[in-house]
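All remarks here apply to the structure that follows.
A, B and C are the chain letters, set down in written order, and residue numbers restart from 1 in every chain.
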Amino acid sequence: MTHASHDLTLADIARHLDVAFEGDANQPIRGLATLKEAAPDQVAFLANRAYLKDLATTKAAAVLLHPEHGKNCPVPRLEMTNPYLGYAKLSQLFDPLPVRDVLGVHPTAVVAEGVTLGVDVSIQAHAVIETGVVLGDRVVVGAGSIVGADSVIGESTRLHANVTVCHGVVIGKRGILQSGCVIGGDGFGFAHDGAKWHKIAQLGGVVMGDDVEVGSCSSIDRGALGDTVIGNDVKIDSQVQIAHNVTIGDHSALAGCVGIAGSTKVGKHCMLGGGVGLSGHLTICDGVQVTGMSLVTNSIHEPGVYSSGTGAMSNTQWRKNAVRFKQLDDIAKRLARMEKNQRAE
Amino acid sequence: MTHASHDLTLADIARHLDVAFEGDANQPIRGLATLKEAAPDQVAFLANRAYLKDLATTKAAAVLLHPEHGKNCPVPRLEMTNPYLGYAKLSQLFDPLPVRDVLGVHPTAVVAEGVTLGVDVSIQAHAVIETGVVLGDRVVVGAGSIVGADSVIGESTRLHANVTVCHGVVIGKRGILQSGCVIGGDGFGFAHDGAKWHKIAQLGGVVMGDDVEVGSCSSIDRGALGDTVIGNDVKIDSQVQIAHNVTIGDHSALAGCVGIAGSTKVGKHCMLGGGVGLSGHLTICDGVQVTGMSLVTNSIHEPGVYSSGTGAMSNTQWRKNAVRFKQLDDIAKRLARMEKNQRAE
Amino acid sequence: MTHASHDLTLADIARHLDVAFEGDANQPIRGLATLKEAAPDQVAFLANRAYLKDLATTKAAAVLLHPEHGKNCPVPRLEMTNPYLGYAKLSQLFDPLPVRDVLGVHPTAVVAEGVTLGVDVSIQAHAVIETGVVLGDRVVVGAGSIVGADSVIGESTRLHANVTVCHGVVIGKRGILQSGCVIGGDGFGFAHDGAKWHKIAQLGGVVMGDDVEVGSCSSIDRGALGDTVIGNDVKIDSQVQIAHNVTIGDHSALAGCVGIAGSTKVGKHCMLGGGVGLSGHLTICDGVQVTGMSLVTNSIHEPGVYSSGTGAMSNTQWRKNAVRFKQLDDIAKRLARMEKNQRAE
């Protein structure tokens, strides 16, 4: 399903990566593939030692690899110290979407009065741009997407189809919002009068930096008074929930199904595994990694890797152990008592 | 980003809260803020003792606080026994959305034949109202939102943009549905014939009471035969999944990423923390609180706070402990054996 | 897609199930209900022994049940060895949706040039079908749904309202996509250059087999190079996240809030409980069941039931035990030391 949008040669590829190569400069390159599956017009890459076994027999037009693996390569080599990064850079050449965008405003799109559009924007079918919105140059608003009043979207940001950006949201440059995500829905705030709830209108917004990606069906809620703040180069996967007034530091990455409760501050260069939950009002320092499905209920002040929970085992084995968890305090006390007795003997 | 939609004075604010004050009645009030950040035309509030330190230096136009904290306040006081509730009430005055709604049916909206519209409804761009729908007075249907056939939506309920209400759903008064939520998708029901699955058509609906809020991208599935029932004043956060035939009692609140399996009944005034999971066919009595990411597999018959799981620790420490979890039954048995031996000595 | 919103008799019902019965063939049947709630024009079913107590007093027009329970039935019997399957088959007769679909293309729908439409398709209000799409016969595209360029959707598949199918996705026959789900959003792939992230364009697609159902607000991400593959007869509930290049085998069922990380392969006839998380790059063999909210971090090579985690208890009891979890390795070592001492005595 990989397909080049226009004709590229091996020389073009090498030039894009700024690497030298020996081979047929005019060889057409029509896509990327793994070493094992690459056809003679595809470039493959070796970024993980586990696939070194596939190198000798690859049929790729060329291979992107680390210089130390170059000698067994049967086809032209594109040597880089970080071949995975090279793969990332090449992959963007073969993305079919950008070439397809039709510039301008689709006749069925609704653009309110008082909207400012940059040059070369693409506003697709049934999109709605409410009053006061500012779209930077080359912004793409996919079909059915809605940008609420007074929101500002930086240049070259793409909203895929059916995205919702609520009112008063600020999004930086080169952002990518996947379908179904909602930026700026109300945070979850209510005061209780002893009998029932009273809504706290969520008067803050969401401010997202440059180069932020948000996955499909993820929610980033607006702040109660101040803003929810997403730093630069933050990458957020699908099905993620970010509550009101959370702050995420630059370059952090959140895997699928992460949930972060209100007012928690996550530092820079953090990585949260899938399904991780952070309680509210915590501070997580820079450089913290949390493994999948862990629950963090206290602030973390030292960089490092953190975990909770227990891995799956057979249900029979698990039942026996899980019931003992409820006796754990008792077990610990009994053990201490025995130790005391033994010492006393 | 907080801004008043029309001109308010300190006297207006005090009147709205029904409290006395001393100060300049004509002082314009343009928003709310924390004690620390409030400008001279903003009202601040003190609802948490932790912020008492900021009171003496606040520049707010007035402060909403408990009478016992009044004496150190350098600016006009608005005294209430529940200042957080006062903040909630004031916050609604500054919500920019309601003033912006354009009444009537947007020319691009599709309203089928046989629809009943109350007075002062606002049906925004590209919304779709299918046949047989009844919308009460002052209902707002945001851009791109869809209301399925025969659904009934009570007065003053707001659907934000890109909401989906499926067919045959009943929603009460003053509800708020955040963007991307889906009310009345099919429940997950299949019969297995030994080889493959057969779909059970989900013939029930969803019935939601008054004053219900549903967060962005949340799902409330329709019932298999009877209805899924959400009580009055139930507050549901983002990314929540409520399966078919679940019942949620009045005034309960469900935080983000909660999942409730089929036919479970949750009582009144319950609070489920973020990421909590309830198994199917359970009964949870009134007044139960479950802390974040807990798994509940049995019915709960006593009000109180319930929890499961373990909090995060360093990965190194965690690895050592988690592996022991698999030995827990063995540890318990060995301990019991030692105790027996010791007693026998 | 047999459906009766029109008049059905008991004879029609029996013929649909291919079972004999004794009773009034002309009895009108207007719906299904439980034994307890069935009115005299509704058919009830007994599929769970727990409801046997309701049989003697049922007012149903007829009861679907196992032959062994037939003798106490006060009304006409429809005997089947799998009455739950019979209920599933009957339920489809009473689904109001199919009868309502208006065939053809709604005037507000946008169908690009170069689209291939089968016979009797229904493309509803504000739907968008991008260029190169192929829709099979009887495909329904609900209001506000979007089908991206070059996607192919097999015959009799239904997209409910506000569904997003991204570009280059292949969906089989008789599929059902609930509202708000997103098929083919970008997988979560980035290369790090030591300072910042570089996006890996997700050049693969999603290939879904026949008879697949996807719940509301669920995400199935497209592959990085190859495709994300969903087998035949796979049933996926709401709020599920399936990452890039995952494979799900035929007939597997995933309950709500499941999250599966990249490149994991799930076998056939697997069942994942609500909130289960699977780490990336695992292999789960055929016939595996994982109970709710379990975390699976290793491949599973034997069919069976697997679990992790611990169930909820009172917060007071839990606090005492959870703190001991952090001492578990120490407890185990102290126990071993004591055993050694005891043996040495």
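Note that in this section a residue touches a chain if its C-beta (ideal position, glycine included) is under 8 Å from a C-beta of that chain, and two chains touch if they have at least 3 such contacts.
Not measured: the values here are computed from a predicted model.
J.: Please state whether the interface between chain B and chain C is built from the same residues or different ones, using more than half shared residue numbers as the mark of same.
T.: Mostly different residues: under half of the interface numbers shared.
J.: Specify the angle of rotation obtained when superposing chain A on chain C by their C-alpha atoms, rounded to a multiple of 5 degrees.
T.: Best-fit rotation on C-alpha atoms: 120 degrees.
J.: From the mean C-alpha coordinate of chain B to that of chain C, what's the distance rounded to whole Å?
T.: 26
J.: Of all the residues in chain A, which ones touch at least 2 other chains?
T.: Counting only residues that touch two or more other chains, chain A contributes 108, 126, 144, 162, 180, 217, 239, 257, 309-311, 313, 325, 327-328, 331, 335, 338, 342.
J.: What part of chain A is in contact with chain B in the complex they form?
T.: 108, 110, 126, 128, 130-131, 144, 146, 148-149, 162, 164, 166-168, 180-182, 185-186, 188-193, 195-201, 203-205, 217-219, 221, 223-227, 239-241, 243, 257, 259, 261, 277, 279, 290-291, 294-298, 300, 304-311, 313, 317, 320-321, 323-325, 327-328, 331, 334-335, 338, 341-342
J.: What residues on chain B touch chain A, complex-wise?
T.: These residues of chain B touch chain A: 1-2, 31-34, 37, 82, 84-85, 87-89, 91-92, 94-97, 100, 106, 108, 124-126, 142-144, 160-162, 176, 178-180, 211, 213, 215-217, 233, 235, 237-239, 251, 253, 255-257, 274-275, 292-293, 309-316, 318-319, 322, 325-329, 331-332, 335, 338-339, 342.
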